[in-house]
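Below are two complexes that have subunit A in common, paired first with subunit B and then with subunit C.
Then we have the complex of A and B:
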């Protein structure tokens, strides 16, 4: 009996707590509901639509024509050499841009994190390209890099160097696009890394100084490890963004086969070649690649946390 | 407390729903008018009420707003504003209840925009179609066959090239708005300085032994001797490349009726044996040599290369006259018949009015299309856009085409104007052609590229078979 009576208030308290918690969760859920609706309507539904479309011969003008099952996927890997070459071009871009974004981002963040006069302006200058339109930036870079009348080549010639075909040479076009994208995007990484650096307690550096660490050693053994999560975030975001590069290729080198990255190829197949079903299949393949990469990167991050 | 939480939660959901609804609704209703505000002006006019056209016209008619997907062009928008206002007055105000709402897109986005509109079931009545795309839209059932609505006599008001551009498998899919044809334009100051005399009626010829090369070499100026000319002798398009201008030299290296000249098989679906003939390869090789071996042509010309003083001669349509007047009034230019290999040719560049298969206002749309493509309608386009009219009688009334150099272009068009390759897969072909030509400009092996791309073009056409 005593046991029973002593249990009553406990159960009652648990129920009250559970109710409170449930209500709390419900209210929280309602707060995120608009975002979820947005995701469902503008992200998940189109994804599901793309998966369905990829199984059909479908064009925007003629609609769904014939169910082809996984034929489009088989075609991509067995018969479409342009898909393979566009994946290679994309990989070239990713492998060129992501490491440079991290290295240059880290270097610029270290520079921009200093408390000196004018550093606010420097940070603004580094970030300005991020907020400018990539379309506009691409046009301007196209003019700057023009072989015959561009500022860059005039400068090279002034220095006694030969003129370069930045955008018209099949070998130079990709490094050029990587360079422009890097200039455009690195500021975002810098801001993330500067924020991370600001969060590192001064005590760590003081202790390192006491241990006799020089500037490089403090950077290598204090700053970099403490920025691990920020660096991982930057690498994940940069990788996802690099796989989806489109604007600079569309603006600067739409006819260069060596610069035909996967998203541009998907655009061309869907909108110019009227093969939206096949383009959807390529999009699904790209989605799976990005999902795999993201999961892999997040796993690496978690394993290092342990 | 519990009650409060629920009240807040419900209130939050309601507010968020209202915000979402407001955002969504606004975007959907505002989008079309935001594209081109000028185009809405006629729609704002009081439709039937103001017409002094008697009892019949005063009848209450439901206002009809036609949606017109077209290229974004400020001058053309003004022309249509005025044209629509005039259209509302014709036939005693019979069409005064009709107005037009524009969905204007930049040229590069027009084709995808039309595709998207069709796919999403957007209400579209009228489509402005580039000549070669008419067949593509016809094949896909996007625009209607208007053969039954235009008599033989009506078809004869336009140049045969324009009618051919709009014809697919015997059906007539849309009357023309304008036409175009290329000429060899040149800067008179550069030509005079080089001591060259140009006979406008005699075309220069392509090829290592042609009459064009020595002229272009003479016009190429490298004053500081750094190997990078300040003025290139010749230019034909760039830095992006298209069939419209860059296929012409190769096609002129064939005689009429030959695979090289026709450019594609009769059904428009086979390129091998047409794109990669020996004559075509010879012409493409010479094109490439103009960049590298002879150094008379820039691989990356800036916009308005000739008018900006970067090249002495270039191939273009007569739109260059308007640009010269507006932006380079001090530059003096002249024109001559365009160069060729064996057969003179300019590729025609018409734009057409296509009526969407999904229109719910066929009668009104057809009436507008007939008016817009008539001599009267063409006058508005000419007034603002200054582009070569497709209407034979109207052209005869335009003074500029009676005098040199535009008279020369009109004559050349009539005699040598030839449609671009006739194929329902022109868009795919043109995209591949651009890649091919870029690879050529980048110094690739011409014969290998030509054969490879003929194959790729055939593959792209497979779905039409």
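Then we have the complex of A and C:
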């Protein structure tokens, strides 16, 4: 090693490099190899397996039984009303949650972005549900929204309002679940948007004030356009997340047909009824939807190089 | 004539004075309204976001009967247990009494399993993700961008969706129903690798060169130069990973059905739900399952906020 070191100035780095290049590359690969193996075994291979399994009748106990081709896919779209209704429930959830996340996130972020005493505590309070698990959040809200002894109905009654059925009524269950996951997740968007707002130079606001813009106009014509990338990021992340919602449905409304979202249905088919082949086909369908959304996301983010 | 001009001037002066005063008081009023609105917002945030938390923590020290007696009318007694201080809920949830053990409660064990899994994953992730990020950010290897695409493309595979085949793969490895099922699949993460590449790339390359000239090998460059200079980034990703494993539910739900191996989230989902009439015990379980991560958050807020932008979709 000592001789190598002393050689460097004389021979020059380029040639020293050449000499050790192969060894260097080999050692370099050792650093990255474990991660690459992980991705191959636990991410790519399962995906390939899902595609393959979806073409077979497959159960955990009996393994591969019979090749059925694309029958599972045909069945999903033509014969399986429960699949169609689970897709509808998922879309309902996505279309309800994502716009509300954006609107509430923007509103809370423009509030939480101010430098005032106590604002750090407010940001922390908004963020605590993000760090807690969705299981805990679901169970707690299940109790808050309990029909008979829940905190919410007690509050409604105290205010002279009628008591409500939140989770027990088929029409209210989905809005309730959207509300709960909004409560849990909005802090995530708030933090991203606050970070975005911090990045907007004060000059833009000064210029807007000189032009006579009021607070709303400054928000509408300076903040929102400058946050375009952050808003895009938040909406894509929450869309992808919303398509995969599982815990609140599993925890709060497993019996409610209206709330059976796609991941819950996949779980039921695969792990309760043991139809792994069919569950894989449904997974592949969802995977394609999400891949499409991801590619769309990359396209949009690239095209908006500000 | 001169006097009228003086008068005029003084009148104008008065008007200006008055106008300035009016403006000042208007600004004052506006400031007051602003302050009141801010305080209203503060109250709203505390009620909406802290209300349920205080309710849960306060009532975890009550018996179920007292919880329900105090829920209506809603006042401070609904939230805070001034009437009794009941610690049995925690003792039962932790399975420290014979009856509770008979019911199969043992949150202490589940907490240790969650902690063990989270610490193992964070440790492994620090080793393998750091290595991979070092390769991509610092080493001069030709055409490594192809491998980078391979890593980034992994980020597009949603975990929730491939859980059925992941189960089958882990089953083939013989890890289903073992502690390692909760650890091995997550020892590397494309999100973390990607984030660490960003952190490492910020360091000047002269550091590596100087170390190499001093006779350090690649491994020494990583451990003695890169790692000490990227501590904040490493803490950020560790917290992200810890939070992910601590809160993960779907995967251990299907991968570990053996009750004595279940992590805390699965244990509470099975044993302490809103359908259980012993609400005090359920509240205590909620506090136990969230306290570690919430306390960690309170002390390391900055890192949590920083990890937000890195996390992408983790399920």
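What we mean here is this: the second predicted complex is superposed on the first by the 259 of 306 C-alpha atoms of A that agree within 3 Å, B and C clash if a C-alpha of one lies under 4 Å from a C-alpha of the other, contacts with A are read in each partner's own complex, and residues count from 1 in each chain.
Throughout what follows, a contact is a pair of C-beta atoms (placed from the backbone, for glycine too) under 8 Å apart; a residue touches a chain by one contact, two chains touch by 3 or more.
Predicted, not measured: the structure shown is a model, and the values here were computed from it.
Contact with neither subunit B nor subunit C is seen for A:226 once the two complexes are overlaid on the shared chain. Looking at the shared chain after the overlay, A:188 reaches subunit C, while subunit B stays out of its contact range.
Legend: residue contacts after superposition of the two complexes on their common chain; A:254 is shown touching subunit B, with no touch to subunit C.
Of the two partner chains placed by the overlay, only subunit C lies in contact with A:118; subunit B stays clear of it. Of the two partner chains, both subunit B and subunit C are touched by A:157.
Of the two partner chains placed around the shared chain by superposition, subunit B and subunit C are both touched by A:149.
When the two complexes are overlaid on their common chain A, residue A:100 makes contact with neither subunit B nor subunit C.
Look at A:213: by the touch rule set out above, it reaches neither subunit B nor subunit C.
Of the two partner chains placed around the shared chain by superposition, subunit B and subunit C are both touched by A:27. More subunit A residues lie in contact with C than with the other chain of the pair subunit B and subunit C. Subunit A uses residues 27, 30-31, 34, 60, 143, 146, 149, 157, 271, 276 to touch subunit B in one structure and subunit C in the other.
Contact residues of subunit A toward subunit C in the complex are 1-2, 4-5, 8, 24-25, 27-32, 34-36, 38-39, 41-47, 49-50, 53, 60, 108, 111, 114, 116, 118, 120, 122, 124-136, 139-144, 146, 149-151, 154-155, 157-158, 183, 188, 191-192, 195, 237, 240-241, 244, 246-247, 250-252, 263, 266-267, 270-271, 276, 279-280, 283, 286-287, 290-291, 294-295. Residue ranges on subunit C touching subunit A, taken from their complex, read 38, 41-42, 45-46, 48-53, 55-56, 67-68, 71-74, 78, 128-129, 131-132, 134-136, 139, 141-142, 147, 150-151, 154, 156-158, 160-171, 184-188, 190, 193, 213-215, 217-219, 222, 243, 246-247, 249-250, 254, 265, 268-269, 272-275, 279, 282-283, 286, 289-290, 293-294, 296-298, 301, 304-305, 308-309, 312-313, 315. Contact residues of subunit B toward subunit A in the complex are 2, 5, 8-9, 12-13, 16, 19-20, 111-112, 115-116, 118-119, 137, 140-142, 226, 228, 239-241, 298-302, 310, 427-428, 431, 434-435, 437-439, 441-442, 444, 460, 463. Listed in rising order, the residues of subunit A touching subunit B in the complex are 23, 26-27, 30-31, 33-34, 37, 59-63, 143, 146-149, 157, 163, 165, 167-170, 254-257, 268, 271-276.
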